[in-house]
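Have a look at this one.
Think of it as A, B, C and D in the order they're written, each chain with its own count starting at 1.
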């Protein structure tokens, strides 16, 4: 089994006529994702690789009975594209776009309280249920079906950890990249809840990084609600306070929370082993399964 | 018994230092209303007729444990005053102010979906539980405690109908003036639901008027959910289509709904007798009790 | 408050919505001068606040000075549905291939703004709404966020607007929404929004109604409103006095406080066989002077044969009302029309004491007061 | 992006926030001229992007030409926490009775804007936040509605601001919020907002940081940003190249793709006993030229003794990376520092084939690559 997406997920690609959108729509279809429509204003009636394009997401969802969208729209227009996705009956919208202005995301964040559509991202690699469906830009070939649920704030770190797992023959139920921006939709807690509900997920790997307090909140949530074993990893142990390290979220304020130490302590307190290296994470998972 | 307000209701008066606010706060207290605080920015620390004034509604609510507010604030600032009231733990905010710009009320209307505080009004006479508490500008002396719940879009029409009832010895549980503006908080359906839940309300009088479709919706609600007998009255039978009659809400579009005829038909279909005159309303109520 | 077409067009043009070249004129020379500047053909359009101007002969397309002179002479000064035409807009005639409707208004039932687009523009949109409601695409707007770009596109595409102009039409709609909010509009409409052969869009008409309750924060619009004032002479007077007043065609003049109660009084006049001459709400808390003005209003209406005064005091005080009635009537040597007064509520007893019963007929109940006024009116007509 | 004080003050003043008279100067004559215009006493304030300017000697209050000349000579051209002072703001010295703090920022945990007011202004507000958090009143703002007037008042009254100036302070806060939204601010602060003896408020300092992701729609601010650029020479270079780069003080240069993975690489360098010289994220989908630039960056750092290149390809392709590495290194007669490369993910095999193994050390795993680079660095230091 899996969480959030599977082989039946019907996907609309917002921005399918753009360079990124077209390339990754192709990659997704090659992986087996059921891409049923594209949505690009003014391009309705066209086709991209056999996929019909609509002028609005609403039309695409209604005509093709889509239940998820992936957003490849430049940052200036991505906030609006997310709003458009949230104003439909979609179950899931995955925003890949990096560099969306924070105030646009604050407005999206408010809108999220008013919709039943789940947002993943932005600035995330997407989500993959190995062997079934991938929504986003994750390199499908490093994943393998299996029992481990993975949730991560970082794209390439996810690949690194997954690679370590897959190389040992440990597959994944679903891997979720929640994105590194300060304001995101689905967060660690949401993803952990989804994995906890999935009977096939035997262990969860959670890759966090410095900045914010999401990992601390996740640790509390694990202590209170998660029976599935969790293994953690925190990037940025050596980051100096006050410096922004790439991800907008990855800034250490120096005020005690948000540091790697506080996150690791919180996870350990919740009974979550935290690996010093990606290989140690894989070791821990191996010992659990 | 009563609905929404009773002798225990602790009231803060927004705008208590203004002419209207001061006068009606006095009238309310004279009637027995438990006015515990005033709220006027910059006037915190003062007293009005022994009532302590605070700079913010939040402070007034926290310090005096208020659970309802009455808003006497000029139209230019009333939208903001309502927002302020809705952002507290108050159960009820009663906006008396007439002439609030419609777009301000559209924003308030959105905010109402996000708060647990009930709004009554604006442009309404308020609410009274005879013998216990009055919030607003209704002339207390025409009301008497009793078994009839009354809800009305119009202030003076309410007085007319109540007067007919009281003169016959028929008292009221609570009388609610919902206001005549196109966008209001508590509507007929909300008031009907409250009266239906009140074991002491033996009959309900509902005074509507032309314009909008609230009476039609109320008729449907009565048919579906209200067992308490209801008597109706609709003002504006002789109003020509397309003319605005005082209340911003009282405009007949001429497109079939919103007319007195459509409202009376809808109420009759729901088993509600509609009086041709206020005295006929009183006759009907008398025959029910 | 309704702006004139030329005013609304100016507001739209200032915000960047394409409008035809035009100039305002109030005499024949002005029309000819404007037409020469713009170049024939031009439309000459009466600037009056009535619907169906075209059908009523208030709009004419002309191709020469001769035609322009003829049209100007006919239209300027004409009586259009009761309104005197003082000015015309002389406007570039635009060749079009399509006519769209674009509008923003408040959906009072939902308590939300709504944006509307239709490809059936250029005709009476209310008729379209009734006969073919699906021909109008609608999108409700969350007023806290405002109209999002995708919503403008959505309603435009849903209406079936041609893709070649969809982006431009969505842009016009977004601007219209922004104007509607920033100017406190109640309705903002462009009908038709013309589409030209080379896929340009241009606002051939412009409607902008403003929420009167918001005029205090719209000084520029309020100034336009002074120019835009129109309508019946008595209704203009009511505006000056600040009354909610509607003129009807019966014979019983009606004055009261509170819209619901005044409407009920009208209904009772009808119920007892009379016919209301007007709706006049003096509002809450009226003082003596306001009452005097109200009586002046109603006496000014030649149709009125009797007057019924129905006040149920809440914040309005009976003694103030009585004082106002006395003052108004004592100014006459002879009372022009019989006046029936019914006072109830706050200070009604004080009012009764003050009231000069030589000048008015007093009744205790609403029903009696209305019946008596209907009788007086019948006598007056007889 | 952080604006200079003088730029932020101009933005604030244009929006109607009271600021002291001031002028920018870049030499002694300019300072004296400005001081003469403004009138003594004036403050001379170094315009550099570092905290604690005052304590570091970058701000001086002067009362005469003599003092002004002395201060200007000392401050202009001085090195303030590593930054060369090129300009000073000469500013009217304001007499005050109170110093407030007023700020707007994004609460990332809540995903909402937050407005803050404190009567403990004029000092390091972060210290106040830590030592006496109740001294700062906070109000979260719903970004769909924007800051409501009552919210500005609420946070001002909750902070205990004197009623005599509360309305003015709430007005400044409202303007600050509007600026923060309209200019895509990440932080907007006034510290101190001075209160004068006659109850006027005036912004004695101004902080405005802008969301870099929003600069595309803030052309005026972006232009200011070109002037505002500052910081370490290498970090300026990184800005030009468009890298996320942070300089550290170790000896292992680190290049990778994706913030999380690069941070992990830093952590592993530390784990295996080395010390990172930098954080450098080439981002997603980097092409050969970008890789070449990244190597140029790292080689420019004298502290670097070895380089580890860790790429896990998703949208980044191993062959492009390999091509970039070859191009960068083939330009040297002698490779300046040993480079360890680890390629994984998309097209890693193609990359391995292309890579000139005479110029770099190739490792298959992240752990091996890091360990090798740490060894090289130790050798280099030795």
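Methods note: contacts are C-beta pairs under 8 Å (C-beta built on N, C-alpha and C of every residue); 3 or more make two chains touch, one makes a residue touch a chain.
Fair warning: this is a prediction, and the values are worked out from it, not measured in the lab.
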Chain C and chain B - chains in contact with each: D
For chain B, the least number of touch steps when starting out from chain A: 2
Comparison of B-D and A-D by number of C-beta pairs in contact, larger one: A-D
Between chain C and chain D, centroid-to-centroid distance (C-alpha), Å: 57
Euclidean distance of C-alpha centroids - chain A vs chain D, Å: 28
Residue list for chain C, restricted to those that touch at least two other chains: 142, 144-145
Shared-contact residues (touching 2 or more other chains) in chain A: 107, 111
Topology of the chain contact graph, where touching chains are joined (line, ring, star, complete, other): other
Complete list of chain pairs which touch one another: A-C, A-D, B-C, B-D, C-D
Contact set on chain D toward chain A in their complex: 106, 108-109, 111-113, 126, 129-130, 142-144, 181, 184, 186, 211, 213-214, 216-217, 244, 246, 248, 256-264, 266-271, 276, 279, 281, 284, 312-315, 344-346, 366-367
Chain C-facing residues of chain B, complex: 75-76, 98-107, 109-111, 125, 137-139, 142, 152-160, 163, 180, 182-183, 207, 209-210, 212-213, 233, 235-240, 243-250, 255, 260, 276-279
Touch list for chain A against partner chain C, complex: 41-42, 44-45, 55-59, 77, 80-81, 83-84, 87, 107, 111
Chain C to chain D touching residues, read off their complex: 142, 144-145
Footprint of chain A on chain C - complex, ascending: 145, 148-151, 153-154, 157-158, 163, 166-167
